[in-house]
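This report refers to the structure that appears directly beneath it.
In order of appearance the chains are A, B, C, D, E and F, and numbering begins at 1 in each one.
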Amino acid sequence: MPPPNAAIDISSPATERPFYHAVGNEERVFAAAFRQQLPVLLKGPTGCGKTRFVEAMAHEMGRPLITVACHDDLTTADLVGRFLLRGGETEWVDGPLTRAVREGAICYLDEVVEARQDTTVVLHPLADHRRTLPIERLGETLSAAAGFCLVVSYNPGYQSVLKDLKDSTRQRMVAIQFDYPHQDVERMIVQRESGIGPHVAEDLVRLAQAIRRLDGAGLREVSSTRVLIAAARLAQAGLSLREAAEAAIIAPLTDDHAVGASLRQLVDVYLAGQRHD
Amino acid sequence: MPPPNAAIDISSPATERPFYHAVGNEERVFAAAFRQQLPVLLKGPTGCGKTRFVEAMAHEMGRPLITVACHDDLTTADLVGRFLLRGGETEWVDGPLTRAVREGAICYLDEVVEARQDTTVVLHPLADHRRTLPIERLGETLSAAAGFCLVVSYNPGYQSVLKDLKDSTRQRMVAIQFDYPHQDVERMIVQRESGIGPHVAEDLVRLAQAIRRLDGAGLREVSSTRVLIAAARLAQAGLSLREAAEAAIIAPLTDDHAVGASLRQLVDVYLAGQRHD
Amino acid sequence: MPPPNAAIDISSPATERPFYHAVGNEERVFAAAFRQQLPVLLKGPTGCGKTRFVEAMAHEMGRPLITVACHDDLTTADLVGRFLLRGGETEWVDGPLTRAVREGAICYLDEVVEARQDTTVVLHPLADHRRTLPIERLGETLSAAAGFCLVVSYNPGYQSVLKDLKDSTRQRMVAIQFDYPHQDVERMIVQRESGIGPHVAEDLVRLAQAIRRLDGAGLREVSSTRVLIAAARLAQAGLSLREAAEAAIIAPLTDDHAVGASLRQLVDVYLAGQRHD
Amino acid sequence: MPPPNAAIDISSPATERPFYHAVGNEERVFAAAFRQQLPVLLKGPTGCGKTRFVEAMAHEMGRPLITVACHDDLTTADLVGRFLLRGGETEWVDGPLTRAVREGAICYLDEVVEARQDTTVVLHPLADHRRTLPIERLGETLSAAAGFCLVVSYNPGYQSVLKDLKDSTRQRMVAIQFDYPHQDVERMIVQRESGIGPHVAEDLVRLAQAIRRLDGAGLREVSSTRVLIAAARLAQAGLSLREAAEAAIIAPLTDDHAVGASLRQLVDVYLAGQRHD
Amino acid sequence: MPPPNAAIDISSPATERPFYHAVGNEERVFAAAFRQQLPVLLKGPTGCGKTRFVEAMAHEMGRPLITVACHDDLTTADLVGRFLLRGGETEWVDGPLTRAVREGAICYLDEVVEARQDTTVVLHPLADHRRTLPIERLGETLSAAAGFCLVVSYNPGYQSVLKDLKDSTRQRMVAIQFDYPHQDVERMIVQRESGIGPHVAEDLVRLAQAIRRLDGAGLREVSSTRVLIAAARLAQAGLSLREAAEAAIIAPLTDDHAVGASLRQLVDVYLAGQRHD
Amino acid sequence: MPPPNAAIDISSPATERPFYHAVGNEERVFAAAFRQQLPVLLKGPTGCGKTRFVEAMAHEMGRPLITVACHDDLTTADLVGRFLLRGGETEWVDGPLTRAVREGAICYLDEVVEARQDTTVVLHPLADHRRTLPIERLGETLSAAAGFCLVVSYNPGYQSVLKDLKDSTRQRMVAIQFDYPHQDVERMIVQRESGIGPHVAEDLVRLAQAIRRLDGAGLREVSSTRVLIAAARLAQAGLSLREAAEAAIIAPLTDDHAVGASLRQLVDVYLAGQRHD
């Protein structure tokens, strides 16, 4: 067993509000859904701040936050709990969803479409008027504590026939649409997260916007706010802006030589003449 | 083991009749099937009240209700029971179906087509004149107690070659067709479930009916009674009606920009001029 | 462990002959196969009485009957047996097939094509001159007791490339073809099983025959004797005949609106003027 | 644990030569391969006597016979052995192949193409000059005792891209081709196995030959010697010849109405006028 | 546990050089790779002597040989080792690869493409400059002892999109191409392995060469040296040469009647007039 | 349990800088990413030095290195840890990723696209601002120690629809593009790693460059630096240069006769006249 001091409890509430800058009415919609005990679906592309938003909202609502990164092999037992063998006895150990239900925490299932549909079906009684979690292996059904709130995220750009949210799941949720922040907000975020100066941040944001306008031109996904921050941090660590943009923006975005070359031209246009201020 | 006071027993009968407003003869058909010990199949779209109907009927018949949300990985053992290791001994623990069979409860298998066909085949001896549950791992066969009634639901809109009820299963069932309630009933349900005033409820219902007439126009599923209630509750929590409709109706229904825009036009038409009464 | 008085032993022989009315020479063929220790294959559509036939024949032959509902996940171990952990020791527990082999029972594998082919291959040494069951995990081979008889059923209408009986299995069997009973027999069965009067039973049988003539017209399967009995029982419980036919015949047969409408026309024709006698 | 007197040891050699009538040089080829310690592959259609042949050869060679019916889920561990938990210790239990290797038995893998390819690859070191069985879980390699002989069967008619013997397996084997016996031999076999008189046996054989000439005309497989014996035995048990042919030959061969009708015409031609002698 | 005297340790070095007759520079290439601690890939058709070659080389290098027949279900744990339960404790048991790494043995993975790619990826750190075997379940990394040499074989004729060696695996190997031996060498091998006289051996080799020239004419694989030896041994055991060629060459090579007939013509040409010298 | 002195701890830092010769700014980019605690993605073909690069960087940063070869069956538990049974108790054992997170090591996931997507999704909270590893089975979340750095490699040439890095994973990484080194650097590497003289090394490098220009001409992958070193080492061990090139370059690159022949022509051109200096 690892030493307990090496571990942070998943459900510890943040002591200071994590940095999240609202883009629209998303904070008010979340608060209304939370008050009405309705589950929330966050829709939007990668790297636009969904995780930070949930962290900030958990702080606002004063609830612990339990985050689960969903994937193909996440079983219902991983969420709900399982029996473990202890001293020759089988002992029940709650999963993260069960803990959130008992403790009234916010349970955030990141990229929920990655989970198998059985995992999403098990959420149904929690997501409607019942607010209950049947634990078949214990033969009991928990009622969610008052502060419990189910939050899931998904990226509509990844939608496919094979992996999509069932309508019976979607219609149980209040949905909030996310997108990349507006130019000024994004520049401020890049500055704050990297410590870079305002001019470089401005140029990086304008570069990102140019790349986003290329959508469909051989790129599977455009540059997120996250990669701008990474480029700015590499520049802070001593790389030239071109080196930083190459390593943090171009190389992660594409493996194609032609696409890489045209991205490099954009870098030349938008980051030219920039010195490291 | 979780503290027993944190748990509600699955089989506890409701002490007060859950709110369900009959649309047609569904309550009389259910009662006749129950008296004749015939299993019942509830057919209908998501969010039209099938779960509430079963809760109300369990109360009417005075039987406990055991609900199982079906999914791809629900095994026969999850329904029937399994051996667990206790103190070095393997000990048999009944599954929810077995409990219902022993106790004469109503066993509701929600979205039964999600389960693998082995799960539905195991229901056959329970669903015909035998009313027995063979438990192969115990080497015994249970006779269902008098009040036992098997109820399953499925959504014909989800029918596919891969996932459908076998005819040998369907023909063992008495089937009841569900649809969204008539306008007046739906308005009353929205009012009652959200606490919203009659005029807003009326407008939301008319909006839903307009959306339902769009069926096929890029929508996979139309707006259910459930999403109307959610919109009304968000409005009760302080959002404007447009914000509430966006978050509870439009965003859950579609990820498509064009479809979203045309839904927003309907919102403008039906919720315009509405103030929050 | 459940209380023993709540359970019926699978192998208990019926004390009174279950109701089955012969349609052709099926009882004589079964008796000849049983005397010659040849396995029997029952072919026919759902709900035509195969299960009842086996129950009646087990009674005639004076043998216990062990029934196994086959499905995709039925493993060889489920049929033959497995080791369970008891008091730190692994203890062998016979499966239903092994019990039937030891006790000389009739073992009925219902819908055998649902089982994986490994399950049917394990039947081969039992189904030819050897009449042996090799139990690989025990390292021994059982000889079937004298009264042992293997009976399997399957529905040729479900035949597919993926799920079919291997020829090496079929050619080990004596096959009996089943179909819905003739009009008079079917009417008598409906009366007897539901307690309904002869005129209503007659009309229901004529309705079923009309539906059976529709075969191919959008129906995957036609109305079985079983659904006629269900309709009659719902009428006995107080529903009108039209309500009963809707719930027990039309709704289970189809989810298609047009097909449902044409079935309703047949109901109008054949059940019109009928009062509940 | 079952009572030991209820079980026959798999490796007990037959005390009297099982009835098998040679069709060609198959007995001499088998004996030569056995003397040279070469493995044997039996090729041929279902029901032509491969199993009986191996039983007779085992008797001739004076070796015990261990038969394994192969299937999709037969694992290497099922053949080679596994650890079982006994009294808190894991104890190794030999599988049937390992027993045959140690005891110098004939090991017959029936329908070997049904097994997964890993099962056939594990046979390679046993099937070439090494004659060894590596048991990876024990970390040892057994040398086969002198009388050990590996025999496998397969039905070339079932060959498919997915299920076929690898060439590296086939080229390790001496192959013997089987077919249905000649007319006189087959008649004698039918008489001997069923107790029927020579005239009926003759007619049944001629019927079978007529059916075999139909090969390709909608039949997946033709009538084997085994089904002739079954028909004769049903006749011995009191059915008319037509009833017996219907139950033992026609119904197992086809589910198709048209094919069944043309088979019935052949029955009329070949079994007409036959009385039960 | 089996008696230890019945078992040969896998890693025992051969006391006398196994018979292998070099065809080209393969022995020198192997020795150079062994001295440079480079892994070796043996490419070539079935039955051309790859296994014998490795046995001879292990003897030359004075190293124990551990052979693993690869297959679809060979897991990394089967190669590396696993925990077994002994006396209530989990105890680690080395797999054959780990034993070879510790003891400096030659580890021969026969038909390595049959293994899943995870098994080949685990070989990478052993196959480059690192010569290490990370054992994730023990949390340690072994350095290979000096004499350790990894040898794998594969048959390019079986190459497919699904089953092929990854380039990152191939480029870690020194590859040696095998083919059937030249006429004189092959004749000598057939004589030595079967004890047959030189004239018959000569004719069998000439028959094999004629068959090899047919490659593509309906044959999936041509006759290997191994099947010539088998035919010669059957002749030694008393079969006529034609019978021996039928059983050991023709029947294993094909199930097709036309192909079989043309092979029989070749047998007539090449083995005609041959008496058993 | 193996003797501890036979094992090297995976996390031991190298005592002397492993030989790696920088090609571009890759060392500076890595150092900047390490300082900024950003994860690193190494892109490039097989055998171009990615593994050596990570070894050198771990030495530069003074951090232990934990390498995991990824594959299809690598589960999240293999990375994160699992419960093992010890003395009747289940005891948690850290996986390599968890050890790296606790100890502040560099964790290198080689060929990460081979792993299932669930394995890459579990990396997300480690790869963004959170730098946390949720261990669902322990119900805790670790914060990465300061020196922890996640490094993954992948080969864009293997990209396919089925196996690719998700954009949400890529955009969390700083990417460095690798290629084969320039002529002079590669010659020096070949000399240093094999001990061969400069002229032979020069010729081998020129041969490799000629082969690389063939890309697309029937070759799936071109000759890496690794195969040049292998050829040089075989020559050092006494093979002629042609033999060494055949065994280390041509045979591993292709199974096709025509492609092999044209590669042999290049060998004749570039290695002609070379004596072993």
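One rule holds in what follows: a residue touches a chain if its C-beta (ideal position, glycine included) is under 8 Å from a C-beta of that chain, and two chains touch if they have at least 3 such contacts.
As the structure is a computational prediction, the values presented were derived from the model and not from experiment.
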{"item": "Required steps from chain A to chain C (each step between touching chains, minimum)", "value": "2"}
{"item": "Set of chains adjacent to chain C and to chain D", "value": "none"}
{"item": "Mean-CA-position distance for chain F and chain B (Å)", "value": "52"}
{"item": "Separation of chain B from chain C, taking each centre as the mean of its C-alpha atoms, in whole Å", "value": "30"}
{"item": "Separation of mean Cα positions, chain D and chain A [Å, integer]", "value": "60"}
{"item": "Residues within chain B bordering two or more other chains", "value": "85, 88, 94"}
{"item": "Partner chain F, residues of chain E touching it in the complex", "value": "25, 28-29, 31-33, 35-36, 38, 41, 43, 75-76, 83, 85, 88-92, 94, 102, 116-119, 121-122, 124-125, 128-130, 132, 134, 136-143, 156, 159, 167-168, 170-177"}
{"item": "Touching residues on chain F, where the partner in the complex is chain E", "value": "1-2, 6-10, 46-47, 51, 67-74, 78, 84-88, 93-96, 99, 110-111, 114, 155, 193, 220-221, 223-224, 226-227, 230, 233-234, 236-239, 243-244, 247-248, 251-253, 255"}
